[in-house]
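Multiple structures follow.
Shared between the two complexes below is chain A, which has chain B as its partner in the first and chain C in the second.
Right, the complex of A and B next:
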């Protein structure tokens, strides 16, 4: 079967190698991350977090998406983890459990008592932080699996094979094409600004902010022009909004491998539910 | 002879798709350049809002849909939310663009952003943003400390709420002098204040309180909410206003302008 470039390949230039997972039907490649998303909701304790993380990591490794993709998410994971730790240990500290560390940073006398604020680390708080941070990793790996294994063409083929109206499939295809086009346009507008002496890269935050305003007007004007050209092309080809084109150039079959992957993910969901409710 | 009802055309669909693409690109760029650390996909200056909120005024419900879909994809990449988390979270941007759509359509306001006195438009932005910031801070201090500890937090709350409300109201009144009073007041209330507040409540809420599951602890709600609302207000009252003033006359002459809800 024809294997098109994944969304990550298009956006970030990171290609994935040939893998069994990428050969699955687009429906499977959408439904598996959806089941994983539902499973994430059921992660309530350390056991369920470790179990689901292991499965998500296994799926990620099966997709053969290069590990360097994680670099793109590193800042997100680090900042989220920091905020989670700050929140659990400082903003809304958990009083339950065995106290491991306590330090008061600020005290303020008020009308009805003294406000004290500081760091409080308990064993329960540590476990809660672990579960939250594990959820972040599961969340990130699920998103990577979805976008790293699926291509925009596959989404459109999938939608067409599910008899989604032609106009809706075309709108989504145009969105994917539009992203690439406007990324280039945005770069061209910024380059033309720099050629005229506006150094956005080294400029202050205010300059960056102003540069945005200057670049938005040409972007929207380009959007209007492109919309007119494309819609006129569609009209002139006689394609109506309610067109019922039933011809599919590429045919995809739902194989046994698809059923196996989906079934395994459902089992993982049920086991996560069991572990999540076990209170371990 | 009366004009027939306008139908949805390819122009609407195509411009909606391309507008969604622009919103997505700007959302990605602004969440990378001006991030709210710890809240992926949230930007201190979320420039994409300055696209889809004006799009709501120009293109009706298509603008709100553009906000939703661009935010859905922004949630998956680069924010890293799961498809379900992103599906729930993205309604924040839909609601943000929906506010001006509702107000302009229900009140039958013909958007005329011709700027007669630019200094009033600038004053409007400054007054509304500073007033809202004071109001949010005051309520935050009261909720976190004032109700439990009393003075001096209660006094701070009272003063900040009074001064904040006064500044925001003066900001709305000031907008009347910028140009067509009906257009500007409707925009200040629905396109700047309500849009930011409603999207801030849903956006920060789905990140900390009611998603499947929320990626952040509940204790961070108020921090994310404040960053979200103030960031959106700054963007909408400056970049959004600049775009509406510059492009509304041009867009009204093209086929992408929508008078009703969809066509």
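Right, the complex of A and C next:
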């Protein structure tokens, strides 16, 4: 069965294999990540984190999006995780629980007493860090699942079935297309600076910052010109802000599999709520 | 029956100058009208006015009347007009909205409330009309070649079953293969459908073949109108306003063979009966010049993109001082990648790039900028300063020159490229031709030994193209190397001392324009657009059994005078 290019395929050139999940109704492919995002707020402890993460990972694997995509986010997750761990162990130490490691780095003696600062690792602090990091991974896997399983036309059908006006659904689909063009333009603008002697790759941070500022001018102008051209192309097809569609070319049926996936996700949301509030 | 009636149409963009200054135009059912004119003449504005987008969606002052398919464009809503009139724009990239051909065509049909089976029928019908199978429905427009993209754009316009089809420079962004594909489709539409077509086009040779009538628009007014032969016979006038008449029309006119020819076949039948009076009078020494010392050398260079596409494969080339080289070949043949590798923007996956004997990878950006410059196809990608003066001086500042030297050099360059009066302007408020000259100035001012210019003539009129090429020719005369990537063979053979033909990432031929254009196999393989003059010369050489070394209309006229 034919499956159209996902947003990720368009933007990053990473295609996904044929998968059952991608055959779901676009409505399901929008609503499932939405429920998962809501569930994320209910993750309060290790059990709820492990439970939700396992489900999100299972869905992600079902989409058959290549795992190499994770590499692109590894640096972000690692830096965020480091930041979380350092802030929990060093700046907002959790005194409760069993102390696993303690080290004082600085002691200041004043008239009114002594102030000390250092590293405190307790089992509770470790679990808290685990929950926070799990949340980041859940967020990333959910976003990849959404963008890696939906194509621009599916965004339109999915949002249309959620009763979102046609023009708004189209605008969102166009937004993702615009991101791709923006990235392409950015690369060319950057290269054109390098041709004129500005070493953006090897230069200092200040130089890189200056280069970004410079590139804003052409990028904004190109964006405005492109959006004008695209809006003219749309107008010439008879599509305007108040355009209404009586029919849709594609008629996708809502299948039992859709119901199964949505129902399972709702159950996962409820169980996460239960686990999250159980204090385990 | 009249499909179009434009009466005294005047249009001024809000806070802009008057672009249309009293246009009168009529079109009958089934008529094919070609609109030509210099850049900024108001051709695209006229096309938008015929769709009702002007004045309904774009702010400005509108006077006069446009009646299209019985609808007054001031009164009928654009969505109503688009049910009768379709348009195909210049840039195939920006007119695609969706990610598959199927969705793209369906988009315009869904809003018309057609049933899904009818939408499907129209898709297959319109694709068939433009010579594409229904297998294309599942393809992404981004995967298609330039010609295929534009044919899909025409198919989605035709699927709406318009009474009037407007083509706004549909071939200007295409390589020769794409141009041929699109023009063949236009010819087919002309034969098979009783459709009124208005085509804005710089390719006068194609219009001479297909159009019933030519309208010349200059400075917002129709200055000339009539059948192609009548209009193109005003060759001198057309050239003076920036329109290139068909080469054979110019040749037969200059030789006094009236009425002038508008096709190669006509020109041949007029000229085959008499022999050239002389051998070449003005032999251009550049044609046989092999240049000076080697400035740039590529040794077995290959480049593979991260997605696995092998863009260039085992390319070995040498470029000498004083050469004017044109790199030609279809889209995707590796021309731009080769240029980027030569500039050090891409690191070859195999082989070496040497500039004056030094490996490009070992040179800093500053040193490289003094040795090799690269001008992008779209000037908007390389203009990022607040004034024209800053833009030209940017590279010099990066090189660390004193303000006094910078100001001197900027002024000199601005004067040379006709930008002196615009030094305080913001680059983005300049016209397209001025922006292109500014982009060129900002690189030329750094005086690189080698300059590579990517598609310097796309989407511009003849006069602007000649301006740019003359500037580059002057630069070459100073002993520098000029490398131009271009599809515009008729123009580049006037200047190039050497042509390099690329296909599938490899150099398939390298020689003088005469050698290359005379090699039928190479021309066919790389789909090179052979200029009318060369096609005519080839026919004459065969009949007269003599060698005529002419590339341009002026050179062949010399032979016969």
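Assume the second predicted complex is superposed on the first by the 251 of 280 C-alpha atoms of A that agree within 3 Å, B and C clash if a C-alpha of one lies under 4 Å from a C-alpha of the other, contacts with A are read in each partner's own complex, and residues count from 1 in each chain.
By definition in this document, a residue touches a chain if its C-beta (ideal position, glycine included) is under 8 Å from a C-beta of that chain, and two chains touch if they have at least 3 such contacts.
The structure displayed is predicted, hence computed values, not measured ones.
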item: Which of chain B and chain C A:237 touches, first, second, both or neither; value: second
item: Chain B versus chain C as contact partner of A:82, first or second or both or neither; value: first
item: First, second, both or neither for A:151, with chain B first and chain C second; value: second
item: Contacts of A:199 with chain B and chain C, given as first, second, both or neither; value: second
item: Which superposed partner A:188 touches (first chain B, second chain C, both, neither); value: second
item: Per-residue contact with chain A, leading partner among chain C and chain B; value: B
item: Partner chain(s) touched by A:116 [first = chain B, second = chain C, both, neither]; value: neither
item: Touching partner for A:104 - first (chain B), second (chain C), both, neither; value: neither
item: Contacts of A:277 with chain B and chain C, given as first, second, both or neither; value: neither
item: Which of chain B and chain C A:143 touches, first, second, both or neither; value: first
item: Those residues of chain A which chain B touches in one complex and chain C touches in the other; value: 170, 174, 177, 217, 221, 226, 230, 234-235, 239
item: Touching residues (chain side chain A, partner chain C) in the complex; value: 2, 4-5, 10, 13, 151-153, 166, 170, 173-174, 177, 185, 188-189, 191-199, 202, 214-215, 217-218, 221-222, 225-226, 229-230, 232-240, 243-251
item: Interfacial residue positions of chain B with respect to chain A in the complex; value: 8-11, 13-22, 24-26, 29-30, 33-35, 37-40, 45, 47, 50-51, 69, 76-85, 145, 148-154, 212-213, 215-220, 223, 238-239, 242-243, 246-247, 250-251, 254-256
item: Residues on chain A engaged by chain B in the complex (per definition of touch); value: 7-8, 11, 30, 33-34, 36-38, 40-41, 43, 72-73, 75-77, 79-80, 82-84, 86-88, 91-92, 110-113, 115, 128, 132, 135-136, 139-140, 142-144, 146-147, 167, 170-172, 174-179, 181-183, 186, 205, 208-209, 212-213, 216-217, 219-221, 223-224, 226-228, 230-231, 234-235, 239, 241
item: Chain C - residues contacting chain A, complex; value: 48, 51, 53, 57, 78-79, 82-83, 86-87, 89, 91, 94-100, 103, 106-116, 119-120, 138, 140, 142, 156, 160, 307, 340, 343, 345, 364-366, 368-370, 373-374, 376, 378, 380-386, 394-395, 398-399, 428, 442-443, 446
